[in-house]
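There's a structure below that I have some questions on.
Order of writing sets the chain letters: A, B, C, D, E and F. Residues in each chain are counted from 1.
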């Protein structure tokens, strides 16, 4: 459930109603920031940020460090695997349908 | 257009068969479509069989109605669509497209300026494609009985001897090609009315394809199958082929050409570019040994710059199109059931 | 596309598959029977099929497609209510595209539209509110559908309507919550699950804590997962690692989107506008206590159920339909008696055949391959 | 039609290019139109030029859209009209009508039973006229974007060598013929929707005319002009002829064949049968010396039983059609300006 | 058709033409100038052209086409009012077909319809009332147009609406009466008429007595005439016989339809519902006292002029337009400066070019023959 | 003004509202008799009568005797003319454009 897409905030269009424009691969749409704003932090600070958009609302700020962490972990896994395979004399392809 | 003085709108009189209609035909249609077959304004165009036979030994004959909404969209309008759509259906048999008919259904109250834009655009598209619009018809229906303007075009072309393109000819081993990015037209018009409030840089790929087909036939006269991937997109054409030829197909996801912006539209709305409409894209099935030559011919033609080999015909699973995902997995690419609807989940 | 393409990288997927296979080797159960992992969320079901992930996973893992598609679990009587609302004179009925083809007892919304009802597809509840603003003489009803991911957006829309004093807008609320449902499944006697992929987008709203009971009380591993192929594969690997290590915890694979504490602004709006219903009817699963929400009394005028009189009938699922068993993972879609015969995507008997997240539709569309081709002899009927 | 179980109505999916459309085409159209050109369901029909050349040396090519409301009316329906209308436009060049295309635009929600009635009726009309519907197209538009159902048919025929029918060939002295009662179709549908609350026994004259034309050509291969008197009626056709040929015409009011009931409709609504639409009537201009032979050929054909010579071509007044009234007076029969509206004064 | 075909018999027409020619020989004036006979009624104008009667009459008779076409004399401002009514939200504007193309200052009703106004052609005012019954949520306005022939039917329809308690029906009353207008024409200083063909269908309502003043005060013969060719020819012969005999009387050629006393039931209904206006504006003729009617106070709620606010502007006829002179018989249509150039049936400047009873349209359509063909050398420009 | 057509009354359809069906050359329509009915004479007596119809109302009963009278008069005129022409040696045609 709940199709969500990462989108980058391009500009604020209606600060009063918390509306901003996001871009997804160059396609733009106005969405609401109502679900991610707390207190009265300046809206402009959101420009350039990535958010997860669902039914026209930003529902979460995407954390770039967490994303990097995940990807780095997987890279390390790959390196580890290469080492193990070298030891076992197996190629990863053979394991694929394991 | 003296007779429309004070009335910039289509009235029922323009479809009544009388003077207003005659004037409209002469001032608008004959002017923009001018050619020796149309001008006599008989009830039918007459075409010497002798003019046809040098081009081949069979007629290709096809019809399409055009109901696109909005009438004008990024990259084209209903007029360019109406000409290129039928030109392309002719071209998919290998035919040289030659003659078009034009049947227009107009809503009472339609702006004549807007109509003229469409007619002019058809005239330009016909010139560009080298076809003549030789016979036509206008109907005007009361306001509300049609949404602004529909066009039917029906086309005639001549198929060169020796060309035998048919959907049942796909054979295991054949290569599957497309001539460029998939889904541009569908992505361009999915929200051209603005209901979904997208700000969408995608333009329709609307273009005539017979020049490209001629170049491909020059590289390989034995092209097995050709079809323009309009409504229902590339997936639908491939499914039609596997069913007609009782073969299977295997596509490589990684080789499918999709524009970044079209991917964006698809991500936002939960759509699949394989099912998006195109108006200037064809799917070709060619013998494996000719695949590279056809691809080269494609890529050296302006309408095929981003052409790609996207998969191959297989013996099994019969009647099924399989997509090998970039990840190494597989899934079936089925016929579209129902329309593609924007999804949220 | 950023945060998308990186998470579809085939090389990294191979590493993860290697890891998964290694974990499997260390799990004793796998020698006896396949491990059953439930992906709660329909978004995961969709991703599994879209990327052909099931065809890559080892035989020893069996994915059970859970109840997490709000369209699939919509009871027939609620569809009938939608149709009745849409067919009332003066109403503009707005909905996401997804439920358009779900069969009601007489007709679907798509059929009602074809027969003249003014039904409009919207991308956002705010679009429905905009229609209400544009057509003050009409009654605009928004079909509120979805789990906690979607509820806050409906809540904010109701609050916005109130702020603007718009009075011709209301919500036909069919919002449901996932936790009571997972609990109901875990309590079902015919159920044998070894672990869960947790719903990533629900969790960005509710956070990770609400899943604690699964680990603590039922001793099952839970990994909150994203929706890209690497997310799913990594989450599977993480569940396996917990099983292999004899652990049962709530882990978060989807840290880039899901904060442990969830989304406070969204939860505040949600509980300001909505309150829990005593029970709610699910297609196939029957009535589940506290599994739905409704508008609070204070927002009664935005509640279509209070504003219009509805048939509100409980319609029994078609006899032949076995959606319930499939939803609970007791049957695989293809084991349903009517799968592919009386029930196909063109003439769906059950909702699981309609939505692109419905397990049956997914099997029918993407999954028939393995049944027909000898290319993957290891695929058995019960696992594809 | 298994796939429409539970849905007796057209939905947008039927026009989506996917499975629902395919099923509709196969269960409805292919069934009722069955013929070897259509059945391959390619994007275009292919017709051997060799099949055409024995019949003559020129193609006739014509298009018409049909938007009649109501769809069913006394004496016919939109389907019979769509076939016969295009058959007749072909026949008016002297051609043998051979192949038709069929473009349908359907409104979401249209009853499939009703659609099948229309398709069946087209199939029957095509069989009766000896033509094949060899290519087609279906579009479905959202409810309200079209009034139920429109049809375009485009036709191909072959014109025999030596036949040169053209509106500019009318010459002073030529005889003017019609093949029967004028205005039946117009009178039959003027109130078929019931707004004017007439209880009207008139039936449309909708019928194919190529058999009649063949009989007339056998009697006189040098027929100068032929046109079916559809929208705008006989008056409009005659005005088109005098303008194209730069001649005049003189009609004899007393010789104009009009049914008593059609006169009744005209008296009540203040209409003129000369301007009422026909769907099975032609106007022929033939050399004076052949007039009686053509008339005899007409009258011995079922479609021309009440044929009549209604006047002659004159040198002056150039570009004008004059009616000699029964009383001995004269008046001009002009092009229709605007639609014919019911009058009360 | 009975009562139609018998009165179109060519043989009898020839007898009448013989009689007409004989009478002409006995009238002295004819040696000096053509006799000017006015057919008051547009129905006669139509018949004259339809049957080519003018081409049969001797040169010595010149027919002047009078003001008796209610469409032709409709002032531009009233057309604008119609358009304004038709364009009001919620209104169904009903009208006979005739006035659809009459130009207003901005647009005709046909153009307003093409631009979206809900304008429906009806055959009878009762059809308009039926629409009101069928669409209680809409306002149905009936465009009441016509002389005494038509007024009673509008009156009965209003009475029927009252009887049924229908409240969404009203009449935009443009009904006019013929007698004050004939009087105005007779009083016009630039006028030289020798006799009148009286309007047959008006007379079946008002009877023959109201024409008495024409004979008595102005000493002009009047013959009430039917509309078939024999009726018209016989009436011409009867007028000539009066002139030849030095008489000026009101005679009734149309006895089969017109009773001397008129139609009492119709007149009663007429005066129950309508009252005379102090004056009414005619296109080309200006304001004529007591020449129009309006709904009485008691029926105010059926009066569109009271029910809706209307622009109600007096719009001057286009400068080039000479309809007034043509209506009074001072100019023949072809003598108007814009006839056939700026003013054609496709782009009418004046109303006389619109209605098929309008003299200019009739000349343009049926009458151009004589200008172009030498077949009738006796026809001079000023008589055809 | 005022297109009127002779029509024959075929049957009474709604006596209360004075509605009847008339026929014109076989074409039928419901019209109102409200403008020709006075007092409460039986409506059925109108069946078979000819009336002059205008905008859906019968506006006058057509008097068959008056019609005959007119036609007879014209016939007599014809006979008279033939006699006169015999005397003058003229044919009516010659006079036509006289």
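Going forward, a contact is a pair of C-beta atoms (placed from the backbone, for glycine too) under 8 Å apart; a residue touches a chain by one contact, two chains touch by 3 or more.
These figures come from a predicted structure and were not determined experimentally.
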Going by the stated contact rule, which chains contact subunit C and subunit F alike? D
Relative to subunit C, which chain's C-alpha centre is the most remote? F
Dominant interface by pair count is B-D
Separation of mean Cα positions, subunit E and subunit A [Å, integer]: 79
Rounded Å distance, subunit A centre to subunit D centre (Cα mean): 63
Centroid distance [mean C-alpha coordinates] between subunit B and subunit A, Å: 37
Which subunit D residues touch at least two other chains? 11-13, 19-20, 196-197, 260, 263-264, 267-268, 270, 328, 337-338, 343-345
Show the residues in subunit C shared as contacts by 2 or more other chains, in ascending order. 1, 4, 14, 42-43, 56, 69-70, 96, 110, 123, 127, 146, 150, 346, 357
Hunt down the residues of subunit A that sit against at least two other chains at once, touch-wise. 1-3, 5, 24-25, 29, 54-55, 96
With touch defined as at the top, which chains are paired up in contact here? A-B, A-C, B-C, B-D, B-E, C-D, D-E, D-F, E-F
Help me check something: in the complex, which residues belonging to subunit A touch subunit C? 1-6, 8, 17, 24-25, 29, 31-32, 34-38, 50, 52, 54-57, 59-60, 62-64, 66-67, 69-71, 74-75, 77-78, 81, 92-93, 95-98
Please output the residues of subunit C touching subunit D within their complex, sorted ascending. 103, 107, 110-111, 113-116, 346-347
Which part of subunit B faces subunit C closely enough to touch in the complex? 195-197, 248, 260, 263-264, 267-270, 316-318, 320, 322-332, 334, 337-338, 341-345
Flag every residue of subunit D that touches subunit B in the complex, lowest number first. 11-13, 15-22, 40-50, 52-53, 56-67, 69, 89-90, 92-93, 95, 99, 101-105, 134-137, 139, 141, 144-147, 150, 152, 154-159, 166-168, 227-228, 230-233, 236, 240, 244, 277, 335-340
What part of subunit E is in contact with subunit F in the complex they form? 1-4, 6-7, 11-12, 14-19, 21, 41-43, 56, 58, 68-70, 96, 123-127, 146-147, 149-150, 152-153, 156, 160, 199-202, 204-205, 227, 230, 234, 253, 255-259, 263-266, 269, 357, 376, 378
